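Once you scroll down, you'll see the structures, which are given as structure tokens.
Below are two complexes that have chain A in common, paired first with chain B and then with chain C.
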Partner chain A sequence: MAGQKKWFKGSTLLVVLFLLAALALPQFVSRYYIQVIAMSFIFAIAVYGLNLMEGYLGLLSLAQAGFFGIGAYMSGLLTLKIHVSFWLALPITALLTAVLAVLIGFISFRTRGHYFVILTLCIGVIINLVIEKWESLTGGVRGLIGIPKPSPLGPLTFNTLESQYYLVLAFLILTVFVMQRVVNSLVGRTFVSIRNSEELAATLGINVMANKLLAFAIAAFFTGMAGALYAGFIRFIGPDVSNPNLTFEFLLYLLIGGQATIAGPIVGTLVASGLTEGLQFFQEYRMVIFGALLMIMVKFFPWGIVGFSKMLWSKYQKHFMKKASEGTATMSTAKGGEI
Partner chain B sequence: MLKVKNLSVAFGSYRALQDIELEINPGELVVLLGANGAGKSTLFRAISGLIRPSAGTIEYNGKTITGQPAHQVVRYGISQCPEGRQLFPMMSVEKNLLLGAYARRKDREGVRRSLRLVYDLFPILQEKGHLSAGSLSGGQQQMVAIGRALMSAPQLLLLDEPSIGLAPLVVKQMFETIQRINEAGTMVLLAEQNANMALKISHRGYVLENGRVVMHDKSEALAGNEEVKKAYIGG
Partner chain C sequence: MDLFAQQLVNGLTLGSIYCLVALGLTLIYGIMEVPNFAHGHLYMVGAYVTFFAMTLYGLNYWLSALLAGVVLAVLGVLMERIVFHPLRHAPASNKFIAAVGAMMFLEALARVLWGSDFRSIPVIYDKVFTIGTLRITEQRLIVIIAAIFLMIALNLFLKKTIIGSSIEAMAQNRDGASLVGINVNNVAMLTFAIASILAAGAAALAGPIFLVFPSMGALIIMKAFVIIVIGGMGSIPGAVLGGYVLGITEAMGASYISTDYKDVVAFLVLILILTIKPTGIFAKGVR
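For the complex of A and B:
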């Protein structure tokens, strides 16, 4: 397919619009909303990790908040206690989180299905407990206070909220870019084939264990990175950043947005955060609304907002094509885009 | 060549396979007859490394491959086409086929040759190469499944009930194609319930009952055997 043609694809237009809106946003909204949206971006990065596991590989890992917490604490400790630059702490943190995921994977991938879910939930709880109880290192329930802001990067400084917002946005774009490359590559198709049938994948010559470890490592890499960004952005962290409840929030975002789609995590996170803001006067009762919403989503829109919109879009296109071909005799039909 | 010696497979206390002796010589097309639950698929899964046998050995080209992981067995030249097709429905036909060449993906030239070969064998697949595999008819999906198994350029092809759920005319074409694949030099082990047709194209056959080989002989002899006739051919 010619590269030129791709510019006219609807999805490209949406991406460009989103980028323009995201770039212009700080000019139009209050500081409070900049903060809220930057937070959504950080969470969205973590949700991309969960999307790779649950959406593409088909294994629901509930240890994701654990990785997020480890990322936040590791980066927080590195920058606060031994004064490592944020720009060094961030990649170290992401890499070490990925290494840890591989070690955890060696054990947890011996289980499948529900057992894997339960086991990873337990691992998430254990990570949460270790962070909370290891007072000499993590400060226990008091947490880490006064984590430094991200240090300047050449001429760029990150002292203002706006600059931090753009920093987070840059990492979100990086994450989406990498994820998009991964899932559309042979590696991505390998993951999907494991999701469809592990046995079949194995008989095709796919080393199932190695590929599961790879997916888990990539997912943990970005989740750890999101944690590190969180620490640098909020600058105060407590054990709650690794609370399993956070994993379920990630899962909620993913299901609302649409699993196994590239836009799903960001759409879901923004919509759910928006709802959270809108429903603030309900306080704890907002979970009642989220619960009902989740049931409706799972029942009627299993592929989330993005999956549903795509379905509508392809229906519309088919309809449109039919009309067009009735009118004019020949019209080159574009290849239907995948994922 | 493949030599299965004394092979037993147990699921807990249930013995799915007992003391199976089976061999496939170069150039042969061997059929495995048996009712549902006789152990055909279990034997296939054991050969391709998906389950570990409780006793016995599987030798391939003089090398013991018992207990090797499935993704390794493919690399020795044994390819399985599973029962019920098992395609990736959302992926295009061509991507389904290319996944079959996963084990030798570095050999781009060879993969291209295999793809050519599959398209020559099933011209309709080239036409439908960009459609999603799930949109194809049952017969075409079976073609994709066999084509995918051929993409690893196997010396031995394991076909698990390729005729299941297909229209009689399509079944006939399918068997002709299997014969062609065999004549081109690939050993084939074919599990079938459609004994009549399978015995016509195969050289030898094994009859499996309750996890044991109860009979094995030249295909013509099996086709003439009264018991086989009664149980698998009818009439």
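For the complex of A and C:
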């Protein structure tokens, strides 16, 4: 128990430090980096959706970029064509994306294993193709241009880059908070039990289908929301926002950070963006390196940076505690360990 | 009726290419349970090897195709050893992720080495045969015939040779195969080599008709997945049947429904099939 408390304190300290750094950041870095980091925050929100599916539920959904694209286009169309306020468009978009996910879930959750992965990938491809070809609605390959900035919320306006950065940050914090609550609730534990064994979960009286649908809906809700934020932030969107390659990038971020961890998506997205910026000179080689990285990560560090550091931390703690007293061996094992 | 016959020929051409790619994919899946997402990108590399062998070294078309087969066989074996062999005991989604990594790697490498330009393998067989109002280019005829030839060769190899039947044995029962002394590692490498050769063959055949570019494998691999899901993952006759069915469906869809949405057809068919029968048609029992 003592160890658990200590770990908790350590992670709280990290969260506070991260928040302070994120809040103070616009004072210290150039506009370019504010933009880059705000973008990674948006992607991180989407990666949280994938994390819930692949990490906690154990189902690799490759339709995520489709949801992101739908979110971006729906919010873009609502604000641009019908002049709906951003603050109304955002929840509508997120909710409708979740509803769509439930509909897709009814079909896709009947399949299992590789079939599920392939089916969701195909759904992602269809969404991408429809967005690209439905020219009268989506503008085809030209996309949507001149999406309005997020409208003011009471006294808060979002005309400057800094204010938009804080807006995105606020949504990221909201996402992490909700995910943290979900994952540590009974529902979250139910998801993990389905991941560990679907048959056992069903035997215990868990409604597997309903839980899968719920997880898919939550994941799509946040992915759609991320898409809406993207549309309001970048203000120009093309069919590429729904390209399956974007799903693969989300997957890369998740794997670098660490699946089935709360910190994983944000760590992975920031590290990958950092690497991308660091590799500016090798812009062309970026995906060569990332592709190789993905293969190496999945073999040697399947639980990513966060999982790996948790494992190191718990080893260190075990070592430390053994010295302190031989009796208290029941340590808090890192999440990475119990999977 | 003319349009129908014309589209039937186009569909058969397209279907032949799909068959060859899907056969490789289904072989690998049958032996190793690996959904090799990078298989389409092996196809892409095959097309580039053929292209450069012909344009840079002035090799004959068939020699270039042969060279592509050899290069791809080596690449396939390397991929099995480096990417999938270490993950043979890993969970299913990890294999999928590694395959996605391999795919990203190959596509980006092609972009770096050869640029993003669209290229086209020079057409040598450019005669046009006319039967009534039906027009068939010689190249399309070659595609259809060569694909059938390759499939017959594959079938003979699997059924009539001892090495080939070791592949079939392993696809049927992995443990049983190793019990009777079949070397699992060798069969895995061999399967990857054969699958890659089929991809190279498909690429060399399709190259003069379609374009060659770094992401050319992305769409075909997804269609190959659709095919092997329709035909039952791991089933060889299923892949052949599925390949032709999809090729013809797409060609008909393009002319009778909409050219814009012709690529959507394949994926809609898949969704429809998996909605009705979640284990795919022809699947061997319940997974």
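To be clear about the criterion, the second predicted complex is superposed on the first by the 316 of 339 C-alpha atoms of A that agree within 3 Å, B and C clash if a C-alpha of one lies under 4 Å from a C-alpha of the other, contacts with A are read in each partner's own complex, and residues count from 1 in each chain.
Convention: a residue touches a chain if its C-beta (ideal position, glycine included) is under 8 Å from a C-beta of that chain, and two chains touch if they have at least 3 such contacts.
All values derive from a computational prediction rather than experimental measurement.
Novice: Specify the outcome, clash or fit, for chain B and chain C once both structures are aligned onto chain A.
Specialist: After superposition on chain A, which the two structures share, chain B sits beside chain C with no clash.
Novice: So which one touches more of the residues on chain A, chain B or chain C?
Specialist: Looking at chain A, the partner in contact with more of its residues is C.
Novice: With the two complexes superposed on chain A, say which partner A:K323 touches: chain B (first), chain C (second), both, or neither.
Specialist: So A:K323 meets neither chain B nor chain C here.
Novice: Could you say whether A:R110 touches chain B, chain C, both of them, or neither, answering first, second, both or neither?
Specialist: second
Novice: Identify the partner contact of A:L186: answer first if only chain B is touched, second if only chain C is, both if each is, neither if none is.
Specialist: So A:L186 only meets chain B here.
Novice: To make sure I follow: the centres are taken over C-alpha atoms, the vertex is chain A, the ends are chain B and chain C. What is that angle to the nearest 10 degrees?
Specialist: 80
Novice: Touch check for A:N207: first (chain B), second (chain C), both, or neither?
Specialist: first
Novice: In the overlay, answer first, second, both or neither for which of chain B and chain C A:N196 touches.
Specialist: A:N196 sits against chain B, while chain C stays out of touch.
Novice: By how many Å are the closest C-alpha atoms of chain B and chain C apart after the superposition?
Specialist: 6
Novice: Across the two complexes, find the residues of chain A that touch chain B and also touch chain C.
Specialist: Dual-contact residues (chain A): none.
Novice: Enumerate the contact residues on chain A facing chain C in the complex.
Specialist: Answer in residue numbers: 54, 58, 60, 107-108, 110-115, 117-119, 121-123, 125-126, 129-130, 133, 244-245, 248, 251-252, 255, 284-288, 290-295, 298-299, 302.
Novice: Spell out the part of chain A that touches chain B in their complex, as residue ranges.
Specialist: 186, 189-190, 192-193, 196-197, 199-200, 202-208, 335, 338
Novice: Under the touch definition given earlier, write down the residues of chain B that touch chain A in their complex.
Specialist: Within the complex, chain B touches chain A at residues 45, 48-50, 69-71, 73-75, 79-80, 82, 86, 88, 90-92, 95, 99-100, 102-105, 130, 148, 152.
Novice: Show me the residue ranges of chain C that touch chain A in the complex, using the header's touch definition.
Specialist: These residues of chain C touch chain A: 29, 35, 82-83, 86-87, 90, 92-94, 96-98, 100-109, 111-112, 218, 222, 225-226, 229, 233, 260-261, 263-264, 267-268, 270-271, 274-275, 278-280, 287.
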